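Both of the next two complexes hold chain A, though its partner changes from chain B to chain C.
Moving on, here comes the complex of A and B:
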C-alpha cells in the first residue's frame, strides 16, 4: 500500500532516518522512541553507526541520560525482547528436533519392517513361494524340473520376531527364518563303494558313515540359502536311492540284488561287491558324537556319486523334453509316440524300442564295472612294469574316455633300442566286462575280466618281443635271418603262451646264433661254429675235401647270465659283434 | 506286423479239445519251434440299443470290441462287414460311458487263449476258444513276419501250415481276396478272428440244436 496507509511504527522502522524527526511534542516519544530503538538495534552492524551519524545527536547504544524511569526501561526492554526472541528461536529448534527424532524412530521401525520384505524378496529370487492363507510356503522339490518323486518338499517361511529392539541387534540377525520338513533335516550323500565280497551275510547293513563336511556355501549367502540347499540335496539323495531300490527289486538279473535298510548290494564280478548306500546324518548332537571318529573315505567312489546325480537329473529332463511336453491333459507322462501305440497297433517290439531300456541301477553298475576293470588293468600293467626290467613295458592312457570305455596303448621295448625294436604295440580297449586287444599285426584278441589272462598275455608278448628284437637287430647288424617262428613246436611246453625262436647267420656265414625265448623258460642262446674251429669233432673218411671244414658245425650254448650287457638285446649285439671278425 | 492267417482246427475224433491242442503243440515243438509265452484274443459283443433305433424294421447292428495281447495297448472295434477301428486301450472306458447307445451282451463274450511259438520268421499261436466255462474249439494263427502283402506269401504260408496241420490246412481266407496288393494291417487279423468266433458260436448252437 502507500506510505500513508502503513502504521507509523513500521514506517519509522523502515526509514530509520525519518524517525530522527520528532513526530510529537513530547521528546522523546515513547512510541517513536521504541521504533527508533528497534531500528537502531537491527542486525547490520554499520547501520546503527550510520543511523547514529545521520541522526547526529542521539547515539544507538549506551546509557541514556535523562530521567530514572527511562534509565530502567530500556535495559529491561532489551532483556525482555532478547529473551522473547531467543525463546522463539529455541522453540523452532525444539520443534525441528522433535520432528527429526520422530522420523528417525519411524525410520528404524520401518527399516525392520522393510528388512523382512526385502529379505523375502531375496528369497523369492531363488525359491518358489506361494501364499496359502496367512502362511507363506515354498517348494524345494525338483517337481518343476521334471521329478516324479511323491515327496511334497514344502517349507514354511516364518518371521523372526524374537528380537529385542532395545538391545543391540546381533550380526547374523535375519528377519525371516525357514522351517524345512523334519525328514529333510541334516545332510545326506550317496556312498558308492566297491569292496571284496563280505564273507558273512550278517555284515550287511552296517555302513561306515563318515560325516562329510558340508559344502562351503558362498560367503555372502544367507543362512536360509544353505539350509534350503542342504534340504534339497537330502531330497535328491532320497529320490536317487528310492529309484535304485525300486529297480533293484523289480528288475530281474542273473544275480539278484540285495536291498537292506539303507544299502543296495550287488555283485558286478564274482568275488566283488558293489554297495550303494544312502548316508543321512541329522544335525542333532547325538549323531555328531557318533560320527566324530574319522572313518576313512578311501573306498568311496566320488565319480559314481556324481554320475548318479547327473543320471537322475537327466531322467528329470526327459520328462520335460520335447518328446514329452507339451502333452494333452488327459495323457499320462511318456514319450509322444507312445500315445500312438494304441491306434497304430504297436506290438511288443515297437513298444520296447520306445521305452528306456536301462534303468539307473543298471547304468551305475555298468559304470562301476568299467571303473573296476580299468583300475585292475592299470594295476596289472604297473606291477609287471615294476617287476620286469627287460623288456620294458610302457602304457600310454588316453585322456578322452567314455563312462563305459577307456583305452590304453601298451608298448614293449628294450632300453636303448626303442627305434629298432618296436614291433609289439598293443591297443587295449577296456570295456564293461571285457578287454579287447588290437595287436600291431592286426590280430584282435578278447580277454575276459580275469586279471590273470591279461598278465599271461603280456608275459607272452614280452617273450615274443625279445625274438622280434633279435630279428630287427640282425637287419641292422647285417646278419641274415635263417628261420623265425613265433610259436615253436619243439622243446618243453610252456604253461603261458608259446616259445618263439630265431636263427640268424653272420654276414660271412661262419657263425650262426639260435635264440629260443619262452615266457616261462626264459631265453636260450646257442652259437654254431664252423667245423674247423671245433676241436672235438670225430674224424671221418666221408669228407675228403678240406673246404667242407668251413661249414658250420655243432651248436654250443652260451652262458647267458654271465654275458656282459644291460639287457638281452645289448648282450646279443655284443655277441654278434664278437662273432664278426673285422 | 506280417501277413496272418487265422483258421480253425477241428477237434480230432474221439479226443477232447485239450488233447488235440497238445498233439498240435507237440508237432510244432518237434518241428523246432520255441515257446515264447502265451497269448490271448478276446471279443465282446455290443448291440445298438433299441431306444436309438429310428425305424423299427432296421435290424440292430452288432459291434465287436476285441483285444489282442500281441498289441497290448490297443483295442479293436469292428462291425460285421464294416470298418475296423484301432484305438487306444481307453476305448473300453468309452464304451462304458456309451451304455445308453451300445449294450453289452455279456453272455456272448468269447476268447482264445494259448501258447505262442516262434519258428524263425513264423509266429504260430495255438489257442483254445472258450465261451464262458466251456471250450468250443481250437484256433490256429500263423503269421509270416517279414511280408506285408497278402498275395505274395500265401503259398509259403500254406506250405508251412501243411507241415504241421496236415490235411486240415485252410483255404485262402476271404480277406485276402479283397486286398489286392495292399498292405496287411492288424485290423485284418482281428476281422479274421471275428469271423472265426462267429463261426464257432454258430457251430455250437447248431450242434446243440441237432442234439435236441
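Moving on, here comes the complex of A and C:
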C-alpha cells in the first residue's frame, strides 16, 4: 500500500522519528520540513527518507510552489528514482511478510496434523498397538501379563477429525481418540462387605451399588489414558469375579456359596454374611441419575478388594514363570514338577500337594474371617475397658501382621500399682477361626471365635488379677502370705471361671486379711482380729494363760464399698496400713 | 521306562484293507482312533519265525483326548536373528528370554508296510532334572484348504532317562540324531521356537557338533484338542505381525521329500 494509507503513528515510527509525537495533519509538517531543508543541503542519508515520505503524502502534482525550480530538478529526478527503488524494496518485503504469515498459518494447521502422530507415539509408549489393514488396534487385556481370561480386550485408535478450524480449539482437544469395547465402558469395582445375615433370602441380587467416584487421574494424563485405564480395570474386575464365581460353584464346602447375578454370598461364621459383588456402572445418563441417589456404604472392605487384585495378579505371574517353560523345547507348557509326575510315579497325594490348594475365593474368605475376628476381638477388649475401671485393661496391638494372623498383648493392671501388679499379661494370637492365648505363666488356651468366650476369659483373668495384686502388695508391705488359691472350691459357684482367694497376715501377726474375689460375686474382704480386741467373745476357763489372747480370733467382714480408695489395691493398701500399728 | 500315558502298550495288528480304505476317505474325515477296548484287533500271536512286528496305520492317541498340533514354519538367516528376537520379545508374553539346548533322537520301527513308525525322543542338555520327552507326530491332515496351519495328530509323553534302552528293546532303531539350540517364546497357548539344527559328527558324542545351515528355523505351534480350528486363525494373525522379518507358512513335509 502507499505511504498515505498506513496509520500515521506507524509511519513516524518506521522512519525512526520520535514515535511519541503524533504526526500533524498538515502536509508537510513545518518542523520536519525545516529539518529536511537543513539536511538536504548536506546531502545526508536521512534526506531521501524524509523526501519520499513527504512526497508520498503529497499528491503527485509537481514541485512545491515557491521553491526555486532550477535547483531541485536533478534532485527531483534522483528522488523519484529513489522512491521507485524503495517502493520495489518495500514490495519485496511485503511479499515476504505475506509468505511468512501464510506459512505460519499452515504450520498451525500442520501442527494439528502432526499432533496425531506425536499423540500416537505417546500412546504407543504406554499401550501395545498393532496395525491391521488400515486400522490401528491395541490390546488392553492382561493376556501378555499371564491372564487366561478369554476376553479379547482390543481397542481401536481413531483420528479425531470433527474439529472446526475456524472456531477456537478447545483446551482439551486431542487429535486421537480411542474406542473401547462396549462391555468395558464405564467403571467397575469389586465390593466386599461383611454384614449380619440377611433375614430374607429374597433380598439377594439387589446389591447396593454406588457409583464410586473415578480415581483422580494424574493431572497431565491425556484423556485416552484415563479411558483405557478405566476399561482395563473393568476387565480385571470381570476376570476376578469370573474366577470367584467359577470357584464358588465348583469347590465343595460345608456351607455352599450362593452365586446370584453379580453377587457371591458365603457364610464365614454363623450369623454372618460375606458378600462379594461386581459393581459395574456404565457411563450412560440413566444409570448416573439412579446412582447419585445412593449413599456410599461404610461396610465396604477396601483391604479385601485390594487383596483380590493382588491375588489375581499373582496368579497371572505364575503362568508366566519360567518353571512353566518347556525343557526340552518340544514339550508342552506346564509346571516342571507336574511333568515329573509321570516318570517319577507320583501318587494322588503328591500330585495334590503340587497343585495350589486354595483358590481365590477360599483365600479371600479366610482373610475376611480374620479381619472380622480381629475387629470383634478389638471391640470386646475396648468395651470391657470402657465398662470396667478397676482393674484396667490395656491392649497393645502389634504393627506387623499377616493376612491370616494378628497379635495383641493384653495387660491387666491396677492404676497406680503397675510396677507391682503385673502378673496378668496375655498374648493373644488372632488367627482365622480361633484365638490362641498365651499366659505369662506359660499356659496356652485356645478360644473359639465366639465373642462370649473371650469376654468371660478376660473377666476371670481380671478377678484373678485382684488376688494376685494382693499377693504382690503383701510382699511390698511386709505382710506374709498364709494361703493362696487361684481356684477355690468353697463358697458360691461362679458361672464364669472360678473365684480366687488369698489370706495374708500382718508383720506382727496380729491381724490377717482374707480376700476372696470372683468374676461374678465380686470381692469379699474379711479381717481377723486378735482375741483381745474382740469384745463379744465368751469368757471360758479353758484358756489359763493370757498370752493366748493375742492370737487371732474371729473374722469380721469389711464393708468394702464404704472403704476409702479409688481402686481395690489402694483400698487394700490403706487397710493394711491401718492394721499395722506404727 | 515308566510313562504317564498309555503309549507303552504294544502296537496292534490292523487289517491292511480296512486301514487303507479308511485313509482314502475324502474330506479329511478322521479315522476311528485306537481305543483300549477296540474289538476289531485280534490278539498278537507269538510267531515262530522272527517276523517284523506290525505297525499301526491308525492315528495314535494317548489317553482319551485326541491332541492335534497346529504348526507354521519359516526360517531366517543368521544375520536377521537379532531383529527377529527383538520383535518376538515385544510381541510375546513378558518373560525373561528362555534359551535351550536339546538333543533329539529319531527312532524308527520298520514294519511290513513301506512307511515306518516314527517316534522322537528329546532331552534337555542344559537343564538337569527335566524328564525326557517322547513324541509321536501323525500324518498331516489333508483337505481343508482354508486351514492356515499344518495340523497333525500329536502325542506327548514325559519319560524317565532310560527311554532309549526301552525303545531299543521294543524293536525301534535310531535313524538319526541332532542337537538344537535356540530360544523359545510363548504367547498365551502359542509356542514360538527359534532354533538352529546342529549335526552330530561323532555318533553318541554331543560335543562334536557343527551347524547344518546358516539359518535359524522358526516354528509357531499350538497343541490343542482336536476340533479347535479357531486357533489356526490366531496363528495366522500372529504370523502376519512377523511378516517382513520371517514368512511363516504351512510346509507339508511330504512335498519336500
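In the analysis below, the second predicted complex is superposed on the first by the 463 of 582 C-alpha atoms of A that agree within 3 Å, B and C clash if a C-alpha of one lies under 4 Å from a C-alpha of the other, contacts with A are read in each partner's own complex, and residues count from 1 in each chain.
The rule is short, and it goes like this: contacts are C-beta pairs under 8 Å (C-beta built on N, C-alpha and C of every residue); 3 or more make two chains touch, one makes a residue touch a chain.
Since the model is a prediction, treat every value here as computed from it, not as a measurement.
S.K.: Using the superposition on chain A described above, determine whether A:333 touches chain B (first), chain C (second), both, or neither.
M.R.: The answer is second: A:333 touches chain C but not chain B.
S.K.: One more residue to check, A:130. First (chain B), second (chain C), both or neither?
M.R.: It touches chain C, and chain B stays clear.
S.K.: Using the superposition on chain A described above, determine whether A:541 touches chain B (first), chain C (second), both, or neither.
M.R.: Neither partner.
S.K.: Applying the document's definition of touch, where does A:441 land relative to chain B and chain C: first, second, both, or neither?
M.R.: After superposition on chain A, A:441 lies in contact with neither partner.
S.K.: With both structures placed on chain A, which of the two partners, chain B or chain C, ends up touching more residues of chain A?
M.R.: Of chain B and chain C, more residues of chain A lie in contact with C.
S.K.: Now for A:564: first (chain B), second (chain C), both, or neither, which partner does it touch?
M.R.: neither
S.K.: Looking at A:341, would you say it contacts chain B, chain C, both, or neither? Reply first, second, both or neither.
M.R.: both
S.K.: Looking at A:325 after the superposition, I want to know if it touches chain B, chain C, both of them or none. Which is it: first, second, both, neither?
M.R.: second
S.K.: Tell me which partner A:143 touches in the superposition: chain B (first), chain C (second), both or neither.
M.R.: second
S.K.: Just chain B (first), just chain C (second), both, or neither: which does A:351 touch?
M.R.: first
S.K.: Taking the contacts chain A makes with chain B in one complex and with chain C in the other, which residues are shared?
M.R.: 339, 341-345
S.K.: Which positions of chain A touch chain B when the two form their complex?
M.R.: The touching residues are 338-339, 341-348, 351.
S.K.: So in the complex, the part of chain A that touches chain C is made up of which residues?
M.R.: So the residues of chain A touching chain C come out as 130, 132, 143-146, 148, 320-322, 325-333, 336, 339-345.
S.K.: Under the touch definition given earlier, write down the residues of chain B that touch chain A in their complex.
M.R.: Those in contact with chain A are residues 1, 70-76, 86-91, 185-187.
S.K.: Where on chain C is chain A touching in the complex?
M.R.: My answer: residues 1-5, 92-96, 98, 100, 102, 104, 120, 122-124, 126-127, 129-133, 135, 156-160, 180, 182, 184, 186-189, 191, 193, 195, 223, 240-241.
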